[in-house]
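What follows is a structure written as structure tokens; I'll ask about it next.
Labels run A, B, C and D following the written order; every chain starts at residue 1.
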Amino acid sequence: MDIFDGFPLLSLLIFLPFFGAVFVFLIPQTPGKTEKNIKNTALFIAGCTFMFSLLIWGQFDPSLGSYQFVENKEWLPGLNIRYSLGIDGISLFFVLLTTSLIPLCILGSWESIKHQQKEFLIFLLVLETFILGAFCVLDLLLFYIFFEGTLIPMFLIIGIWGGERRIYAAFKFFFYTLTGSIFMFIAILFLYFKTGTTSIPDLALYPFESSLQVWLWLAFFASFAIKLPMFPFHTWLPEAHVEAPTVGSMILAGILLKMGGYGFLRISLPFFPEASYRFAPYVCGLSIIGIVYASLVALVQRDIKKLIAYSSIAHMGFVTLGIFTFQREGLNGSILQMLSHGVLSSGLFLCVGILYERVHSRDIEAYGGIVSFMPLFSVFFMSLILGAIGLPGTAGFVGEFLVILGTFQVSPLMVVGAGFGIILSAVYMLGLYRKVVFGPVEKIRFQKLKDLSMREGSLLFFFVGCMFWMGLYPNSFIGALHQPISKILEYYGRQQDALVPIFKMKNSIVFNEREL
Amino acid sequence: MVIFGMMFYLFAGLTLLSAFLTLIARAPVHSALWLIFMFLNGAGLFVLLGSELLAMIFVIVYVGAVAVLFLFVVMMIKPQREVLKKEIKWYKRIPVLIGIFFGSEMVFILGGWSFVPVASTLDQLPSRVQISNTTAIGNILYTHYAVLFEIAGFILLGAMVGAIVLTKRAPKERYRQKMSDQVLEKKKNRIKICHVDIRKGV
Amino acid sequence: MKNFFSFFYQEIQSFCGRDLLFFGEMIFKILMVILPLLLGVAFLTLFERKVIAAIQLRRGPNVVGPFGILQPFADGLKLLHKEIIIPHRANKFLFLLAPIFTFTLALSVWAVIPFGFKQSISNINVGVLYVFAVSSLSVYGLIIAGWASQSRYAFLGALRSAAQMISYEVSLGFVIVTVVLCAGSMNLQEIVLAQQKFWFVVPLFPMFFIFMVSAFAETNRAPFDLPEAETELVSGYNVEYSSMPFALFFLGEYANMILMSVLGTIFFLGGWLPPFECRPFTWLPDGAWFGMKVLILLFVFVWVRATFPRYRYDQLMRLGWKFFLPFSLIWVVLTAAFVVFLKESGSL
Amino acid sequence: MGTILRDLLCFIPELTLGGLILIFLGGAVFLKKETQGSVLFGKVMFGVLGMVGILVLLQNLEPLYIFNRLFISDTYTIFVKVLVLSITICIYSFSFSSLKSEKVIGVELYVFILMALLGMFMVIGSNDFLSFYLGMELQNIAFYVLVSFKKDSLKNNEAAIKYFILGVVASGIFLFGASLLYGAVGSLNFQDIGNVLGASTLESSSGIPYALFGAGVGLLFIMVSFLFKVSIVPFHMWAPDVYEGSPLPIVAFLAFAPKVVILSVILRLWALLFSETTVFVASSVLKVFPPMIMGASLLSIIVGTFGAFGQSNIKRFLAYTGISHMGFVVLGISLGNYSGMHAALVYLLSYIIMGIGFFASLGALRYPPGFSRIGIVKDLSDLKGLSKTHPGMSFSLAILMISFAGLPPLIGFFSKLYLLLSLIETGFVGIAILGGLSSVVAAVYYLRIVKDLYFEDAEVSLEVVTPLSFFIPLFLSLGGTVFFCIYAEPVLLYVSILMKMLLGR
């Protein structure tokens, strides 16, 4: 820690991919000659970023409650808006998730992106910069900038390298998110006008009036709920996933969705405890509806990608459910659920991508019996599917279990719904696996299928390894999460005494009045 | 003197009347002529105000120069009445509306008109009693507003060059008289004296 | 109410007294100018014919009255007797308005002309501008006449004459500006009085030349009589006119000719001033000197007509825009600089 | 004599411009061939513009009233003059080649560019409605000619006539307003008007009910003519047609320079008459002004945004987007406080920075020989698939479009940020939300261009003509667009100093 004092570690981490992108931009593109160079350079840069984030993890002190690696500089003169960075336990893991996924994505796109590879890699690296920035900043406006900045590269990735209806999907993705964000933007400006600052740590301490909190909370909710996506705002996600290229889906499901959850944790909960508390029942209700609805919809999907997309919505339902229980277990669970979903869903999308490259179909009915030709693939696919179902020992289990534990303390009724969702997930996931991997070999062309190459195998191995690590030893994450979660709960505790009576009268869901 | 009052109402009434007739006259030429008549009456009003210089310049510039060109153009075009009538029908209402708007506004303003008391101290013009108004205008135009006068010159230059640029076409092959060539022409270049033998031809 | 009536009564009284006298005086003055002027116009035609005849070694009109002196009256009576013919498709009102307009304008300029010291109908400060304004209006008479007669020839003639008059008015204006610069006033009386030391024809001789040539063009006189070039346009804008309307045009034109001579006299030849301010010259009254100078200039008009062939139209335009205008512009600048210089050095 | 010398010294850039106009005009006479002359003058122009720029920069920063307070020279005027000059230089440097391809090159072109510049300098420095009017007329006349330079094209003739007639109407309205104002106030000097109006409100309590009415209506007319010039909604009709008919570089010139100039004067007047520091506004008829202008600007945001939707012609598209952007700027001004005006100026600057890059890029795109159309690219749909043939060009276009759409972290975002922030500060949260939503709608059509560039396949393979001088404006614009978020301090500080100076704080 000492040697890095005063050294802009986070800035370097954030902008390393960006400079990498500039570097890649400068490499001339001659088809068939320099493509290898471009790919290698991009991979090297992404790897360096990953190493760098590991270094930060090593330097991170989980016992401290405050933000670490803080940078704070004058940025916009005239306005009291500063360039301030810093991470705590929550951000740390999202950063790690991002930095680890991007090199995997580059490897994943090694063969599948056929044209305009250079642009693709540039967009990917720029996207990484924006995502890392969003997770590291301690200033609301800066957060908004990075949050919104991710839209463009993603829009382009879906639009350029996507499937047939890519343009429709890209625009839908873009405008859903942008519309939500505008409300957030106005809310941020309003916050700034009200308090004179946009610093996240300062704002968390600011006591807002309750009527104001409601509107501001709703504004932020609009953005995060669309991004996450929550049940009524989810319609963009299946489209985007289906039309995006494999890597696009990986990033979308793996990282971008998490920004919504991160936003809830970082902004909605600490800033507006009262409003969060008031709206919690509705959010939880929506989450449950979302989980069950998405699972049911997933049951009838014929498109593999769409199925996984709907399962993502269900999983994200667990995240919001966990967050809005205001229990330590629930919060822990939701964060772990996000992390595990990050690994699992991107792994699953990679699997689908691998299949699609070979068969050129996403229709479940088109597959069958590939276990005979791709045994190795089937093994990896199986373990990822088990993880998605939430089998004990996998990453999915820890998250879902903790969320349900947290929910149980608040309302057993909701647990029933969530549990129903888990059961349904087992049904559709295993059904998918059965139809795709097992069964009779009806199509002759399957006989030409090759098993995983070295690259693909190692990629999937990495995903599966991560998954088991999370599932078997979640404490390596939970330890660092302790302090920030305590802080969130502290805000919440401050409000609780005053609020509980109102809450009880108005809502049928009875919260546990346990001292926190 | 009553005569001045009468003259004022005469000029003012004729100004309004001819302005109105300018609008409703059928033939464009008549419109132009009414416009000219309106200018003349305006000049008359200026005379009554005691600013004879402006009156004369008004006549010279507007009547003597601008309106003549108007009349030129109007006389030379033959509007296609039937087509115009159809197209104009709708547009006719707009000027009426604008007219009503401006008219009511004028009534509104003038009905409650009062000068800001401080305003009289800001007057730049010297008193008209002591010197003739040509001198007064000259004095202020070439001292206080000299720069603006120069800018006005530039505006006119721009307008002139612009008009020439826009109307000039690339010169085609045509015969032009060059007087100097004609004058400088020598006899020997034009006339060749030949001695022609009889029955031989040239 | 009572106040109002008493005010009105007073006004009426003053109108009957002072104003009526004023009006009477005015009308008398106007008649004193116009009647001689019309007579002058009448005899100018005779003068012209006699002079041209003399130049061409003829006798000229010599039948009506002694030496043909009553010839103008005979011509006038003939015109009066003729029928006023109005073309079938002509705009009747404008057709008749045009000659009246022309004639009225030709007469109204004379309101400010000084015939002697303080001898003018109205002595206004902007006399020069008034003259210029009214003479610039005279274009309208021509183009209205041309347009209203609904005849191609007439219209073409009108356009020609209008273009010609406007073109030359510009350089005429600059000529007058030089005069005004030298005199330091736009009052015609003062312009004359400023020439007591020397006539402006001396320092401004080129301007005098331009003035005279422009005056030919302004009055549509030879060698610039293109609008009524008989050989191409029959008779120009007044081809459809006959009888009294035609006479009015005719009178107006000749009145303009006299006017131009008068202006030349006032601007350049010292108006009513005698050539030298000493005894034998000052015996003659102001009016006599004035009349003589005007007669000399009128003679020049006639002389030029008898001598020069007609210009071509493009040559006419070129002369106006490309020679006279730049030249007079430069001269204006020079004069202004010179006047300022003299004023600064205190010698003027 | 001393003051005259001082005044003339302050006027050196204008005098230089005037002299150069005359020299160019005179020089054109002695050049043998027109094309040869235009090439020569074209090269001289760079030097000329640069020289004038240096002369402007050498001016005194202290506020000076020159020529009997007809003109003013201070930091603000110098700033705007330099801004206008740099716009001219940028547009000129990329337009030189494209003007050749549109066949409108001629010696007179340079004369009229200089003349427009002279007029604009006059307007910027004006401290009196009379000097303002004359400057504006000079500028207008130059623009009337520039707009109608392509005299053989029917579209161009239509554009020229429309621009001319509406411009003249605007001038007429201005004059009417100015005469009413003069009648009521007795002076056309900006400061005098402010003083008189201020003094008269104090007296109005003692029984002068309509003291300000004439002045108010006069100012209303003047404002209307201003809005005509910056194409704010009820008076915007000319912009699409005129843009469509005129050659692209001239459209670029027309789209930025006069608007900047007029807006700079509006800012000065607004600071003087309607800002929060002027007490008399609240208690008089003048108080209807800010809401009225705000309504107009909102309308123009909406009309511009939705009008741009259906456009396929690039220039029409630009006209409509220009209308909506100008709406944002005027919205900021109409707030009348420091933050609003600051935001307006920042917005204007960012619009210029992005717009110049966009125009420069468009100017470089030509139809290939043998195609059914010739010259500079005309339809938005012709940009399809540009990324495959010209990745660099389409990349820069995409960045500019994204910035136009107001997405972070590019300059377009920051300008909107400042504007919305000032709206919220003044208490117009609803309008801020409206503005935000309209920018989402605007993002649709900006991103449609990005879509065309990247997602579609090419129908025409456009040619890219990039002379060396083309890169100057493009790089300036791209640099400004991308790096504003990193280092905007000097610009923002300077703008805030200017606004404080205008508001007298």
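Heads up, the rule we're going with is that contacts are C-beta pairs under 8 Å (C-beta built on N, C-alpha and C of every residue); 3 or more make two chains touch, one makes a residue touch a chain.
Nothing here was measured: the structure is a model prediction, and the numbers come from that model.
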Middle chain, criterion being Cα centroid separation: D
Chain pair with the higher count of C-beta pairs in contact (B-D, B-C): B-D
Where subunit A and subunit C are represented by their mean Cα positions, the distance between them in whole Å: 97
Separation of subunit A from subunit B, taking each centre as the mean of its C-alpha atoms, in whole Å: 74
Distance between chain centroids, defined by C-alpha means - subunit B, subunit C (Å): 23
Mean-CA-position distance for subunit D and subunit B (Å): 32
Per-residue overlap in subunit C, given as positions that touch at least 2 other chains: none
Touch-based graph of the chains, sorted into line, ring, star, complete or other: line
All pairs of touching chains, each written as two labels joined by a dash: A-D, B-C, B-D
Parts of subunit D lying in touch with subunit B, wherever the complex brings them together: 11, 18, 21, 25, 67-68, 70-71, 106, 108, 111-112, 115, 118, 122, 130-131, 134-135, 137-138, 141-142, 144-145, 148-149, 151, 180, 183-187, 189, 192, 195-197, 199-200, 203, 208-215, 217
Parts of subunit D lying in touch with subunit A, wherever the complex brings them together: 342, 387-388, 391, 402, 407-409, 413, 417, 420-421, 424-425, 429, 432-433, 436-437, 439-440, 443-444, 447, 450-451, 454-455, 485, 488-489, 492-493, 496
Interfacial residue positions of subunit C with respect to subunit B in the complex: 11-12, 14-15, 19, 94, 124-126, 129-130, 132-134, 136-137, 139-140, 143-144, 147, 155, 159, 162, 166, 169, 186, 314-315
Residue ranges of subunit B in contact with subunit C within the complex: 1-3, 29, 33, 36, 52-53, 56-57, 59-60, 63-65, 68, 71-72, 75, 132-134, 177
Interfacial residue positions of subunit B with respect to subunit D in the complex: 105, 108-109, 112-123, 144-148, 150-152, 154-155, 157-159, 161-162, 165-166
